[in-house]
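Attaching a single structure in structure tokens format; questions to follow.
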Amino acid sequence: MELDLSMYNVRTDLALEARDIAAQSAGETGIPGLWTESDSADGITVTRMEIKDDQAARQIGKMIGHYVTLEVPDLRQGDTELQDKVATTFAKEFEAFLNRIGFGPKKSVLVVGLGNWNVTPDALGPIVVDNVMVTRQFFELMPDQVSPGYRSVSAVAPGVLGTTGIESSDIVQGIVAQAKPDLIIAVDALAAKSLDRVNTTIQIADTGIHPGSGIGNKRKGLTKDILGIPCIGIGVPTVVYASTIVNNTMDLMFEHMKKHTENTDPMFGAFGKMEETERLQLVKEVLSPLGHDLLVTPKDIDKFMEDIANIIASGLNAALHEAIDTGNVAAYTH
Amino acid sequence: MELDLSMYNVRTDLALEARDIAAQSAGETGIPGLWTESDSADGITVTRMEIKDDQAARQIGKMIGHYVTLEVPDLRQGDTELQDKVATTFAKEFEAFLNRIGFGPKKSVLVVGLGNWNVTPDALGPIVVDNVMVTRQFFELMPDQVSPGYRSVSAVAPGVLGTTGIESSDIVQGIVAQAKPDLIIAVDALAAKSLDRVNTTIQIADTGIHPGSGIGNKRKGLTKDILGIPCIGIGVPTVVYASTIVNNTMDLMFEHMKKHTENTDPMFGAFGKMEETERLQLVKEVLSPLGHDLLVTPKDIDKFMEDIANIIASGLNAALHEAIDTGNVAAYTH
Amino acid sequence: MELDLSMYNVRTDLALEARDIAAQSAGETGIPGLWTESDSADGITVTRMEIKDDQAARQIGKMIGHYVTLEVPDLRQGDTELQDKVATTFAKEFEAFLNRIGFGPKKSVLVVGLGNWNVTPDALGPIVVDNVMVTRQFFELMPDQVSPGYRSVSAVAPGVLGTTGIESSDIVQGIVAQAKPDLIIAVDALAAKSLDRVNTTIQIADTGIHPGSGIGNKRKGLTKDILGIPCIGIGVPTVVYASTIVNNTMDLMFEHMKKHTENTDPMFGAFGKMEETERLQLVKEVLSPLGHDLLVTPKDIDKFMEDIANIIASGLNAALHEAIDTGNVAAYTH
Amino acid sequence: MELDLSMYNVRTDLALEARDIAAQSAGETGIPGLWTESDSADGITVTRMEIKDDQAARQIGKMIGHYVTLEVPDLRQGDTELQDKVATTFAKEFEAFLNRIGFGPKKSVLVVGLGNWNVTPDALGPIVVDNVMVTRQFFELMPDQVSPGYRSVSAVAPGVLGTTGIESSDIVQGIVAQAKPDLIIAVDALAAKSLDRVNTTIQIADTGIHPGSGIGNKRKGLTKDILGIPCIGIGVPTVVYASTIVNNTMDLMFEHMKKHTENTDPMFGAFGKMEETERLQLVKEVLSPLGHDLLVTPKDIDKFMEDIANIIASGLNAALHEAIDTGNVAAYTH
């Protein structure tokens, strides 16, 4: 059912946020099958993470695989120098990521921009596709004349089920069968739990794209099982669901009440243990009649989308083509 | 200060919502200086309202003046037949409104589209301006050749302070001095308290546009005092502020707690009386770091904006020009 | 070679124009393998044409097949009543066309919008796709609940080689393999010989889309041979190539000279017989340095594109779904 | 009359092209009241020109005043490094131009973007306005807190007569009366004679904007006489009129004939001296029915517009604010 109450729960597509939530629950026992490292420079924090086994995957609620997350709290300030640094860092991390999973500079790539052109916060994928440098046609039509240092890159924006009538996963599958790339890179807008993630965080993962992720109607996944080739996902949280805000509000009120009642009041006890279902029912009530699909966005979302899409397109261009310098990636798109 | 806590309160630009809130507070005493009448047909409810004196204005928190509100709960369904009916009803009500305040068919009009082109839910005014039929140039350049049944209409979208560096009110004032219209019609996107108002409600008011209304940064008003000519405002709620959702959540939780504690619990009493400041502080905390400017919008906002702007532009074209038939207004824009 | 001089010749994608040119050359002998009929009403002329054999195809320079052409000289006037009539006529003709080639109301359809979103006069296909009603997802996800009178329709805009790196024909082939439609309807912007055809003519043909047609870089065709299913092309001339204008100028000058020299002057004889190559060389020289890809467009092309795309999308919606009334097709898109 | 044959003649808004045409007619006598100097570096040629007296103005067909022209033949190649160099050169030349006419770094500026948003090649002005850094609001609202090195800049796009019903000149006049800038900078799309000028040439002039310039319907000028303050025009040719192409074709054919007849043939003599009126009548015939407003544009015009608008906006930001470094201007817009 579409009116599944789970749609009214806190929703995050970020492995980092999911890990933090899981770590809190796990307490001192921790999450054994999880490896993680982190470093910071120039206002950019890079966290590399591996979910190694099924148990860790279950605990965190994300797939087994590698995740790299860039966090740049000041990214929304419109500082173009910082944006250039983020593009460069992203390019380096992405190149390293490709190498780590064994994809050398000759492997051909299909960039897939998921999402809906006509819904601003969902348009990340299509905008990136519009700015990625495609080269496959030269490899097909005049292979002898391609300069060294370039690989074959193609790029498509398959649209969403509601506007094409076809699952984007099916469209990609059909195109893969024709264009025969070695690797898919799928770019998608994500939902975060926390407002400060919106357009400040970039996630890279080798787990493909899974049903229910993203903010559009993408019911079928883009995975190696389905496509026959690996799929790396690049995602940026561009929205928080209104339901998440409402849940956050409730949490904060519970905390607030705790402080005021010193946790001794019998009523609070009863209330604090409010059933999950009852709680989600309340969330649903707040959000009716427009329902679970309400998005919370900053007013300047249009400008943010353009900036972050440029960072990712520039970074991809530099990471995918050796001839493009990671030292000055921003110059290669507009 | 911009970080005024009042920005975290429930915010509505609709006189109808303000009246309902005031009526609830007033209880049985009611609001003496308020006149109101209402009729419904074809899924459209029209409410005509007059705030007659200062006391009513203070009670409701809206200016003395005439208000007409169209409520069309199904307007977001994409039913084009209903949209045509709404355009026709809007045209009739607007024409009657003009007559009521003494503006006959020869008076010249300047349509002002307030708001920011680049912020989807704030773009209502600019899109309407783009679709309104302008005729003033014919009256200026070849007055003898204008067919009967048309009046002089001009239209501008003055932009917002953040992108022009000039108050839109100042820009309009300058244009009025040059173009010398008899009347301003200002179209603006509004904020509502209730989610079900988003793109389903149209408000007409003869009170002009006042500081703090709308969802953009419009600090100075468009009023007869400033412009020297009357200003009719047409507004449609296109967003709810995230702060409103958070406040709604808190209200609902209080109610929920009331039921569960049967109002006898002493803690609830204390909590229920939470200070306004404390409450808004909580709201602020939920919405940090992105702050009070967060908007809640349905995912399909782009499409809704186009539809509602078409309704208003079509309706205006029919209401302003006798030669354009209110029976088939939709045909005159695209 | 891309710098093939033939790119500097008069170019038309319209069978009607090609027929007229061929008929002129043929003189009294005519074109035996050509059937044609024509009727006019309400300012709309419909011409149905069949190229029946190879010889006629060679003479005209267009494929064997059925062609229907709507000519509406006043279509650029912005008269919405006329636009509605054209949409209705188009819907009727298209429905009849489908029946004539044996495609009943149950056959599933994939609408393909060829061309480039980012090039205004080439964006016809993508805009139509954006406004076509898609239903395939309902047939897939809840076949029991689809109302009678609808057929399965899906729609994609595959982009162009220069921006995807993949032939649009290959992309469509891949999608056909997955979505398994019974029929392709390909919508494309065309080039005309005559300026008065721009956005006033609509062509329907059952010959598919062939290399070199259209105004974009579409090198591979959409034909039954390639796709395994039939492909109906819908095209509208949105541009004239600058080379065509230059050639037209030369023709007019020759004619003018003829009149002035009464065809007796020996020089004219020599000049009038100017070699084709020499002539195209002159055209090339006029158009250098920007070359053969220069387009001649009216200033208001953006508005025309929107209007004509709406007509085709509305017409398609009515023609494809029995439940949608051809009497009022315009209401079903926006 | 709108059907004035002069609309069918060669049309250029570039003083440099007008000078070249005049110089050719003048022959060895030259143009006495004209001063000119030129230098080239990095693929950019800068020509500084002064039309000093009425006679030179009449000979050239342009106003008395200062002109600076940047010619960058490779600017359409999409080379972002070259684009950055052009932005820097433009910034330096513009700053020098301001100094030469006595406008120091404290003078306030209103940037006016002429032209029509909805007509791609006419949208230069509005796009530049969208990317210019505006600061006037800070000077108005918190003058004490503005960092040194900035001046007061505001920016408006007044639209065109056909969509507002008001002359853009009147709108600007009204805004000037309110915002009280010291100087107007008007950005406008121009028409060139030569195709290789399209989006490769930038003109700066202190003569204001005059009726008949540009490609839109701007009938009234922006001049010191009308506005009371000086107006610097920045223009880029984005189109060639189709009539110009047709005239060019005729010229080339005459030349071609000359070569073939060795100028001895009596017929050619007669024909070569074809009356101006007769000639324009021929041009008109070629271009009917769409008339004199046909534009010739390269297919990629949308992308070119964005690139050149970015160059001008970046250059203006650096030239207008001392705090913004001309060494790296591109970083300050997006």
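By written order: A, B, C and D. Residues from 1 in each chain.
Here is the rule we use: a residue touches a chain if its C-beta (ideal position, glycine included) is under 8 Å from a C-beta of that chain, and two chains touch if they have at least 3 such contacts.
Everything quoted here is computed from the prediction, not taken from an experiment.
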Repeat of the B-D interface, chosen from C-D, A-B or A-C (over half of contact pairs identical by residue number): A-C
Chain separated most widely from chain B, comparing mean CA positions: C
Euclidean distance of C-alpha centroids - chain B vs chain C, Å: 44
Separation of mean Cα positions, chain C and chain A [Å, integer]: 41
Distance from the mean Cα position of chain B to that of chain A, given in whole angstrom: 36
Contacts with two or more other chains, residues of chain D listed in rising order: 118, 303
For the chain B and chain D complex, residues of the former touching the latter: 118, 130, 134-137, 152-159, 161-166, 170-171, 173-179
In the complex, chain C residues that touch chain D: 118-120, 122, 195-196, 198, 215, 242, 245-246, 248-250, 252-253, 256-257, 260-261, 265, 267-268, 270-271, 282-283, 285-290, 293-303
